[in-house]
Amino acid sequence: MLFENGDRIVFTGDSTTDADRGRPVGEGLWAGTGTGYVRQIENILNVVYPDKLFWISNTGCGGNTSLDLRNRWQNDVMNLNPDWVSVMIGINDIWRRFDSPAIRSLHVYAAEYKQNLSEMMERTLPVVKGMVLLSPYYIESNREDSMRQATDEYVAICSEIAKKYNTVFVNVQQAFDEYLVYRHSSYVAWDRVHPGPVGSAIIAREFLKAVGMDRSYI
Amino acid sequence: MLFENGDRIVFTGDSTTDADRGRPVGEGLWAGTGTGYVRQIENILNVVYPDKLFWISNTGCGGNTSLDLRNRWQNDVMNLNPDWVSVMIGINDIWRRFDSPAIRSLHVYAAEYKQNLSEMMERTLPVVKGMVLLSPYYIESNREDSMRQATDEYVAICSEIAKKYNTVFVNVQQAFDEYLVYRHSSYVAWDRVHPGPVGSAIIAREFLKAVGMDRSYI
Amino acid sequence: MLFENGDRIVFTGDSTTDADRGRPVGEGLWAGTGTGYVRQIENILNVVYPDKLFWISNTGCGGNTSLDLRNRWQNDVMNLNPDWVSVMIGINDIWRRFDSPAIRSLHVYAAEYKQNLSEMMERTLPVVKGMVLLSPYYIESNREDSMRQATDEYVAICSEIAKKYNTVFVNVQQAFDEYLVYRHSSYVAWDRVHPGPVGSAIIAREFLKAVGMDRSYI
Amino acid sequence: MLFENGDRIVFTGDSTTDADRGRPVGEGLWAGTGTGYVRQIENILNVVYPDKLFWISNTGCGGNTSLDLRNRWQNDVMNLNPDWVSVMIGINDIWRRFDSPAIRSLHVYAAEYKQNLSEMMERTLPVVKGMVLLSPYYIESNREDSMRQATDEYVAICSEIAKKYNTVFVNVQQAFDEYLVYRHSSYVAWDRVHPGPVGSAIIAREFLKAVGMDRSYI
Amino acid sequence: MLFENGDRIVFTGDSTTDADRGRPVGEGLWAGTGTGYVRQIENILNVVYPDKLFWISNTGCGGNTSLDLRNRWQNDVMNLNPDWVSVMIGINDIWRRFDSPAIRSLHVYAAEYKQNLSEMMERTLPVVKGMVLLSPYYIESNREDSMRQATDEYVAICSEIAKKYNTVFVNVQQAFDEYLVYRHSSYVAWDRVHPGPVGSAIIAREFLKAVGMDRSYI
Amino acid sequence: MLFENGDRIVFTGDSTTDADRGRPVGEGLWAGTGTGYVRQIENILNVVYPDKLFWISNTGCGGNTSLDLRNRWQNDVMNLNPDWVSVMIGINDIWRRFDSPAIRSLHVYAAEYKQNLSEMMERTLPVVKGMVLLSPYYIESNREDSMRQATDEYVAICSEIAKKYNTVFVNVQQAFDEYLVYRHSSYVAWDRVHPGPVGSAIIAREFLKAVGMDRSYI
Amino acid sequence: MLFENGDRIVFTGDSTTDADRGRPVGEGLWAGTGTGYVRQIENILNVVYPDKLFWISNTGCGGNTSLDLRNRWQNDVMNLNPDWVSVMIGINDIWRRFDSPAIRSLHVYAAEYKQNLSEMMERTLPVVKGMVLLSPYYIESNREDSMRQATDEYVAICSEIAKKYNTVFVNVQQAFDEYLVYRHSSYVAWDRVHPGPVGSAIIAREFLKAVGMDRSYI
Amino acid sequence: MLFENGDRIVFTGDSTTDADRGRPVGEGLWAGTGTGYVRQIENILNVVYPDKLFWISNTGCGGNTSLDLRNRWQNDVMNLNPDWVSVMIGINDIWRRFDSPAIRSLHVYAAEYKQNLSEMMERTLPVVKGMVLLSPYYIESNREDSMRQATDEYVAICSEIAKKYNTVFVNVQQAFDEYLVYRHSSYVAWDRVHPGPVGSAIIAREFLKAVGMDRSYI
């Protein structure tokens, strides 16, 4: 597995990462890392690797676009001196174009998204062991849906950035697509964005596979 | 217009009708008829027909299926002695099959839905001036979506029942379909079911057209 | 219609405009533009013109006099770079003279009111497409009432200012006067100032007529 | 003065009497008799007659019409074995006709009002030392206002009932009329019905004069 | 009467004056001047002198000693440009010596109390029409009680200061002493310091007599 | 000591005993026996006798008079099958005569008090190992105070009842009298009835002495 | 795996099972099955078997002993017509003997515990496909600890009952013992009873192994 | 006894000392010194020495390690000009190593702990009459438990520091060890760290013995 005993892993992103985490940095007991996929990753790692310690921190912020995240990157990522950084961002860049089409100040378009991701990579990679880039996703199986199409474009940018910077890439969209063969999107998330606990378990599983987890939970 | 001065119009249904109405019967000042399409209909009628009085009552209940509504029909509709009854029900009959597929006790299938609507009609029509039947809807433009397909089936049942009992029918699904040509579903309702105020204004408009409103607001 | 696709329209004023809007700027989903006439205007425009986008922002503040509004004009109007500005202000300038006659620091007299309106006009008109000036109002049909008389004086000042600066003028007082022929003031607002939803629908209607809306809602 | 040492005086009526009194019977310390005119009467009597004890109880209920009061008369008046009963009721009988004109179930018309008052008198007078009847009032100086006209009709009924049953009558409407020569209605009550503390002090003063208070407070 | 039409009267002191007043300055509608003796004075003046306007402001602060009040005198009294200042302070200077005898930092002894009062007088008298000095009080009839003895000492200082600076003096202690002939201290205030509404009515009455009120309420 | 290993001791009375205890029976962890003298007795017994178990239950009820307690005696004392019963009651019988002199229904006079105590004794003594009767008290050193005089009368009744039925008697009034030589009543309780933690420690100490505690805490 | 497509599985027990579940029956969206091990089992099953539906219900109740559970067995288990029943009960039977040693009414001893479990088995097994019995546990590695010793006795009873009735047995105590080799008990649960999310993941894992889960999550 | 009439005694430390004390400095009535051992010490001293005054202040802060306490030492101890300082700190230095083993930033190791204690001593001793050092403790009788072993190490450091600086030392761990012979740890504190009221009474007793209390409470 990529993570070594003692590594500090900082997860950041938007509301899916946030999931009601503690402030200013989500870690440790109780509130800690929230109630989403970060918490589930922490659970599995600690059950399966009780002989190793992973310092897991969460600085996701509900509502963030890639621009918001870029603006707080120094404080909420760099200053924590992580060994690994995991980031999932972008759905709010897209969503506001569809649910608030007139409020232009809230939109972040693809070129800017790409630029924001690149900047995060370039500032961070030199001082960490590695990064994990999780794609945004829209839990909608209809690929003709206009917001799904936009999401696919941002997923492709993520994939491209991951390849260019040689980081771990987790295609969360693809994981949900495979699940939607069996269940309707409203089972996973009424709004197709904020997953319930089953959706978080899907994200956690993809993440753990991607970082090369080498012991099984079940 | 179908409504005459002094008529009592009882609106009932599920959460879209409820919209945080007053209890036990939603009417009058403040809490009154809630914050959804019923309130908007009440606003327009009172602005446009200040010379007439319409006694508008709301007994919608969040989460209701057609079975739940049937069970409280005597208390929440018949006992109010309405002149007109407007009912919009069915989406929860459908939704639970998709978001809670394992919890069978929550599902209401098409045959039972039809039977429930029929019973409401038959108990009510003999003692009122008329009824308005609003179709359920799913604010999803993709007709291949499985929940949309189920909704189309229930809309057809509604239409059939309306025809059979010769009542006013409002095809809310069709109104939203026309709107989705211009806007993404997430603009109208993140969960494709609970409309924001613009969605309520679309329902109110269709209702008012259907009851033959003969003066214009704007 | 005066508004063009993509225009940003900033509504400002006192509690009638505020109506529990979001902070710092009321716009977008949920809290957004509040629950008053601004919200109803936004509803109608979006139902009737789905093919156009209007960026609607609300910076009304409960309790504001024209002096309070003038003091925050730079931050809450100019800095938003609006295409159109709609302002309804003045009733608190008047009301405090009647409900708090001894608290002189709360009173804003006619000359100062006129001056405040003029300054808003002169600072704003050079950089926007246009302004809409809504008159204050007192929902009282008795023209001998002393507060109504004061209000009539302020309405006249509004009208004069609108003419002088060649802006759109909405005589809200007149709209309510016409309505009071049919309904008692307590139907519209127990305190004759803060309208319920029907009163908001009256204001919205006058506004939409005044800006030349060229499609009908109902 | 009419009240003697040791008398139990029960005040009842609607929200103006209630004024957030204690439940089930408002009396004694703290919550006790509320924050309205009953509390002010209690204050003055106890300051001026420290050598006498008056057991003051309040069973006013916000929103009550004369019908509501009649329905709870046995429990909230008769069962308390009062020496004196003071009642002020009627404004909600009237108000609902104007603020909720379509909701007919909320209206209590003049004939029924008179009947309700009469019944209260006839059930109570045989077993008490006396009753005080306070008129309803509408804090509106314009006698042409339709709700004011209705109130005048109910005041007249009160006066007539008081005369017929030979009870103390307090014309609260007249007291407010005299005050409105100097102050605008919005100083006394924004909604013209629920007085602030100054309005309560006006009612208390009229009451105390009417029961023949024979020592001065100031 | 001492107060003239248009005068601004600022009341200040500790919790008895504060009585849950509005912040930062207690005046005007609602919260305004609180629920204590200031509010009752405001009520009586406005009922009896509707033809005059008195601008009544309250800046009492719960828990204040004369030292605390002196420290905020500039902001909470001088900056309001009052015509008249009424001050009641001192009980907390005394009380902490008895209920918190070990916490020396909370005690204000007689010499310092006298000095604080003097400074308030000297800073204020040159710029106002006059001041009213209300004595502190302890609602305890036993003059041998040690806290009552201390209070008597502070009352004497008040009296002396009032004489020296030729201001209106209200001996609140004496008023309560006369009342305690008839009622037990626990009727007026369980803790002998914070009066209920009857106790406030006693203070208000003494104040109004002292300022030469020349019309009667009752 | 009177209590033996395994004894169930039920404390009951008014607010001083209650002290925010758990419901329906105050015992066990957390809320348990409240925050007053019962809790302090439980602490000391458990620190000093860790080798013994005493089942301590609290059924005190704030505001109770001896009449209220008598009415719930079966449910809140007898049904618990106690080995010992400790009761402190009476101050509310007295207090209401002084703080609510007009509300006669709240007063319990000496004869009735004695009768209530006697009945509790006679119903209970046959089925328990013994009872502890704590006197009511008024934390006022002035024996001329009228409420103190009444309290002395009730203390004497307590003492007489304890002697007649040969139960343990705790003269709490005397304990406070000795303490008031050193501290002012306001140190122990602002209202002279509800003690703070130091006052509770005085009651606990007297109780423990009276039941013959034979090991020292400090 | 033991569970088949469509099976209804009812989980019941004490606070560890409850975990803030919905009422009256915890199932479906949101509140649903709580935030403990039941929720984690539901997550894993739904991620791994999207092609099957398991109706998972939770009727655990915080604070329950085996006696409490037995008393509500008909309503909260039998009436739900489960296919499978999973029960974890007993720690409160034990804990009260140690944290509330004097409150005998709260203790449930081993013989009664065994009897309660037996009765649950005998009432249920005839009408279900099978039962899963999870042992109670105390997250304390010191086998000499007196509460741990008591727990071991109850675990043995569980094991014996499971064997006698031929049901699935999950030795949760053993799973925690293996984990405590690596981590201190305070990592899993400060109070050694209520596990955090990692502890819940340990229970979920043991449960899933015991029911023969035949696909892997990670 | 060490403390003399008039001494100010400042207690500081972590949550056990804090116990919901008042802010910024916990002293005086109500909130004051909290609900833990400081409050119990204050009670006993005031009952037993009513002729002396001890100014007791509490600046404990929940969650503090010795590092946190050192950082606020100037403000929360030195600036209060105490005569005596009592400090109990260290359990959070230890606990985080066991309940949050991966979050290294929360751990304070033995050498640093010793250094922090030494610095507190050296800054304080020159300006006070004396200090009382209470050991940390872990309410766990099993000396093989790893957190208990760590605690024993810190207790030894405390003892050593107390000896070196010649201050009063209270071995709280030993007091609890003696108590655990009779009661299970869960009786004193479910989490073995935060004592209930009985545990606080044990700490208070040890403290009072150590400072040479020369009168008995019981």
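For clarity, chains are labelled A, B, C, D, E, F, G and H in written order, and residue numbers in each chain start from 1.
Here is the rule we go by: a contact is a pair of C-beta atoms (placed from the backbone, for glycine too) under 8 Å apart; a residue touches a chain by one contact, two chains touch by 3 or more.
It should be emphasised that the depicted structure is a prediction, and the values quoted were computed from it without experimental measurement.
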Shared chain contacts [subunit D and subunit F, defined touch]: E
Contacts common to subunit D and subunit H (chain labels): E, F
Superposition of subunit C upon subunit E: rotation angle, C-alpha, nearest 5 degrees: 90
Chain whose mean Cα position lies farthest from subunit G: E
Centroid spacing, where centroids are CA-atom means, of subunit C and subunit H in whole angstrom: 62
Between subunit H and subunit F, distance of the C-alpha-averaged centres to the nearest whole Å: 33
Subunit A-subunit B separation of Cα centroids, rounded to whole Å: 39
Residues within subunit G bordering two or more other chains: 29, 99-101, 183
Touching pairs among all chains present in the structure: A-B, A-C, A-G, A-H, B-C, B-D, B-G, C-D, C-E, D-E, D-F, E-F, E-H, F-G, F-H, G-H
Residues on subunit D engaged by subunit B in the complex (per definition of touch): 96, 99-104, 106
In the complex with subunit A, residue positions of subunit G that touch it: 29-30, 35, 39-40, 42-44, 46-48, 50-51, 179, 181-183, 196-198, 200-202, 205, 208-209, 213, 216-218
In the complex with subunit C, residue positions of subunit E that touch it: 6, 27-29, 53-56
Touch list for subunit B against partner subunit A, complex: 95, 98-101, 141-142, 144-147, 183-184, 186-187, 190-193
